[in-house]
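Data first, discussion second: the structure below is written as structure tokens.
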């Protein structure tokens, strides 16, 4: 079981309120990702749930019982740190055994669980090594192993992939997702990388300055961002946000159109522009177009290879059904 | 990038450095050599360097004359006891300062260090009086306490600088793993800080071993350590250079060896982490 | 960055160290302060009552006071200059590539581990003895009359002994600092046409600034309190009576606790003035 409820929790450091009153429910078995730019309070929120920081107000309930004042050791949650935080003086086996040892578990049962975890995480051959002798990916697995042997109510991940190189990150992302599918345990995952959020989450919580901007499934956020911040944050490349005369025909302050929802033509369209830099990825081509009447260059995504050059004149036509409209306050107009 | 150094240049460096090194070391070398001479050879003119009859006689005489073993034992007990006691008090304090810092942490640390600067002579009589009242005069327990107190600021400071290099994540991981504060310090922090703790202990042991104000003024017979043993040779009595040398060698040898082995670790602690 | 629980645990864990040091500082300090205002002569009637500021006045107006301040300053100042100058030279020398660097370093550092009573005795007898000392042999070898070091040249002798003890400390810290100097900086200066001397003056010396301050301040604290070296060699005679030693004599030899305590208060004030400077500098270093 691992249902976590945050009820009007707040956090102040001195006089600075980093988390204003915040409500959130995380259901049992859910994979929830906290995402937001650095300094948005996502790690602080995770540490509040972990019990590594006190809340300044409000209540945290784990499986219905009040855990607000329960020390981290007693909350039944496991955490994987950004730095992995392995015990450098212990072997992999002892690292993984540590939480079991602290719980005073019978050694035979400890062994059984360690063997099982090592098997799942491909660590069997490394059990007698020390963390210093392992690669980044292996250390990451040990940190996960240490978390899963406890069979916690929920896993907390604090930017666990940010110290890995790009190739490894994709692999670990899949491994963690697969682990979640198999264990069906609640996972709370903090990242600043919206790609990780989109690919892994059942539910994304977008945070900015301690506020929840929107909660929803990845596709809900993609299809219907609640405000300009979420619109700009979710999706890669970023949504084009257009102010001024080009937005006027849509009766709103700002319109948003994703790069993949703009059609390109050499002859006709709604907006005429000049091609700037284009990025050819093979599978896709991104190009940046400076349009008349639009202050910022627009990013356009076209599938496959396209023969476009710097300085070419081009016509763009946004897919009307995919246009997002925002009012003066930056909120979505339905 | 290092530049290639001509071997001529290196030879000059080597010669100069060895000459200076041996000059600085010479008084110790001379003392050790003299301890193996007879009294007559010790004052021979011109002085004998290596061409003398080596003898262990002086060591025998020194052992006979005063109970070296008891002085040595007192030194070990006082230096060792104060180190261990100091560590027991300092580890929790350093943990607090390094991992749960508050706005006052720095002030407390500085204040602790400033107590080290209280001139001993200024408080000698009060301590003397208190020791008489408490029956601690000339007792090992009394000296262990005093040595612990005068070195406590240094122990706390050194441990603090070492602890600060340990990522707090790892301690938090232990907390998440269900470790109590005791387990966290015992099974996670202490093993990780072993090198730092060891060099702190070494420096403290050396400082306590060599301390010569309180040990001379607060002991007479029972608790007198090697500093007092040596001070008993301060008034000349006939031919005594060889015996003095033997006694000196016996007093400094343990710490000299200990110090040499740990010099690398000692440097950082000695600079209070201010010089990297 | 912590919880209330860990903060209160931290307070509890810090308490023993704080309480012990507070007691160690306050109790004797208050007693010293109390005695300094009393006519307290344990061998001549004990506590003879209130003395007001008499002890303070008497201590300062005694003929031994100013010489003792002078002796203290001379010892501290000379030892600092000697250990710094030779320490820098030695650090630069030891930083050069050579064979057996480790062993040389061990030789140089050795005096630091010798207890002060031993080094004072060894120097006093085996080197400075006017008849049988090694220096006497050396002087005679060159046809000169041996010097009675500890009576005729008492101050230089003490300075020499103490400098020998502290040179390793200075060298070690300065060497660590020299080794941390970025070689590219020196090469850049060389490319800019700086001579060796200029490189030393404009790059190496400023880089050593912090290490030099540490050496000065830590040594000052210990040098203000040197005791064994004087106790064993001259016993405070021949102009080597420092402030510390003067107080020691007043307290233990003349058994005038009131007078000695007043001196103690002076010494504490002197040490605190030095301490304030030290704390400022060390405190700055704490931040990074």
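Just so it is clear, A, B and C label the chains in written order, and each chain counts residues from 1 on its own.
As a convention for this text, a contact is a pair of C-beta atoms (placed from the backbone, for glycine too) under 8 Å apart; a residue touches a chain by one contact, two chains touch by 3 or more.
On a predicted model such as this, the values are computed, not experimentally measured, just so you know.
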item: Chain pair with more C-beta contacts, B-C versus A-C; value: B-C
item: Nearest-to-centre chain - CA centroid comparison; value: B
item: Whole-Å separation of chain centres (CA-atom averages), chain A against chain B; value: 54
item: Where chain A and chain C are represented by their mean Cα positions, the distance between them in whole Å; value: 59
item: Whole-Å gap separating chain B and chain C, where each centre is the average of the chain's CA atoms; value: 16
item: Touching two or more other chains - residues of chain C; value: 1-2
item: Residue list for chain A, restricted to those that touch at least two other chains; value: 52, 71
item: Residues within chain B bordering two or more other chains; value: none
item: Residues of chain C that touch chain B when the two form their complex; value: 1-2, 6-7, 9-11, 13-14, 16-18, 20-21, 24-25, 27-29, 31-32, 35, 90, 93-94, 96-101, 103-119, 121-123, 125-127, 132, 134, 137, 140-141, 164, 167-169, 172-173, 176-177, 180, 183, 187, 210-211, 214, 221, 224-225, 227-228, 231-232, 244-245, 247-248, 251-252, 257, 260-261, 263-265, 267-268, 270-272, 274-275, 278-279, 282-283, 285-286
item: In the complex, chain B residues that touch chain A; value: 167, 169-170, 172-180, 183, 187-188, 191-192, 194
item: Complex contact set, residues of chain C against chain A; value: 1-5
item: Touching residues (chain side chain A, partner chain C) in the complex; value: 51-54, 71
item: Complex interface listing, chain B residues touching chain C; value: 1-2, 5, 10, 13-14, 16-18, 20-22, 24-25, 27-28, 30-31, 34, 42-43, 45-47, 89-90, 92-93, 95-97, 99-100, 102, 106, 108-110, 112-127, 129-130, 149, 152-153, 156, 168, 181, 206, 209-210, 212-213, 216-217, 226-227, 230-231, 233-234, 236, 240-241, 244-245, 248, 251-252, 255-256, 258-260, 263, 267-268, 270-276
